[in-house]
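Read from first to last, the chains carry the letters A, B and C; within each, the first residue is number 1.
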């Protein structure tokens, strides 16, 4: 396990649940890529409504048949690791948004018991 | 589609799922308003537990009958667009929290294929 | 209700849904602790996939039996209140990540009607 303390980067990737990459859901493909690249951790959130650059309203309530709900993938890692994975991840994203934010890591790890 | 690059604003609106506005769920009313105002995109997340300014604990586990789970609405847009939509959105929110954060947009768009 | 305006702190706690504390789910234990400590509000989000410091891939799709999905607990409060609650919360977290971000509170409260 890597150390991760102090000022780091929060990378957030906003895509759609129905986006595909190499025949699998894009978000699963990104999670597997990030796991292979040994990022410190990943969290995938699924929204209940929203719209993106294509400006479609995706709503689980209104459009019950739609599976294209918004997905946010979050990664907190060092600036160096974020710079390393971005050129791998960005070409995988077609319709979406990627943002970086500064965060301070207060705790990261697995306690010994 | 607008361009969206570099330093922008992440606006986050924390409300309850049962909040209403003009006879419809507040979060749907906000999404429709943001769509009409042509913001760059919106993501609506529903939490599984939480409490807000009224200090009630909303928990899907404990209070199975409650539908008042927390909702977060996220918008990334230019400072000018955020300043333009805030005076429209803020009066719609009664019990809640609205925050702004600085974010760096790394990618936004729809790739040509 | 407390006032909460201007520059404040967003605290985010990334844990697993199956983490336990004192015989109950850790995230519920943290929500109850934060409620007792009178933080301004809490939102608990459950992800659909992810991995953490232990580097396991948790996916609701792939591992249908797993309940160890990622949880994010979010708190927006004053720097003083965050400094006060962190020494209470951090020892409760074993496998996870805790981050702090600067946020600007635009609106917080319950409107009088």
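Here is the rule we use: contacts are C-beta pairs under 8 Å (C-beta built on N, C-alpha and C of every residue); 3 or more make two chains touch, one makes a residue touch a chain.
Note that this is a predicted model, so its numbers are computed, not measured.
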Pairwise touch network: line, ring, star, complete, or other: complete
Inter-copy rotation, subunit A to subunit B, in degrees (Cα atoms; steps of 5): 120
Cα-centroid distance, subunit A relative to subunit C, in whole angstrom: 18
Subunit A, residues touching no fewer than two other chains: 45, 101
Subunit C residues touching subunit B - in the complex, by the definition given at the top: 1, 4, 8, 10, 25, 27-28, 31-32, 35, 38, 40-46, 74, 76, 101-111, 113
Subunit A - residues contacting subunit B, complex: 11-12, 14, 45, 47-55, 57, 59, 61-62, 70, 72, 86, 90, 93-101
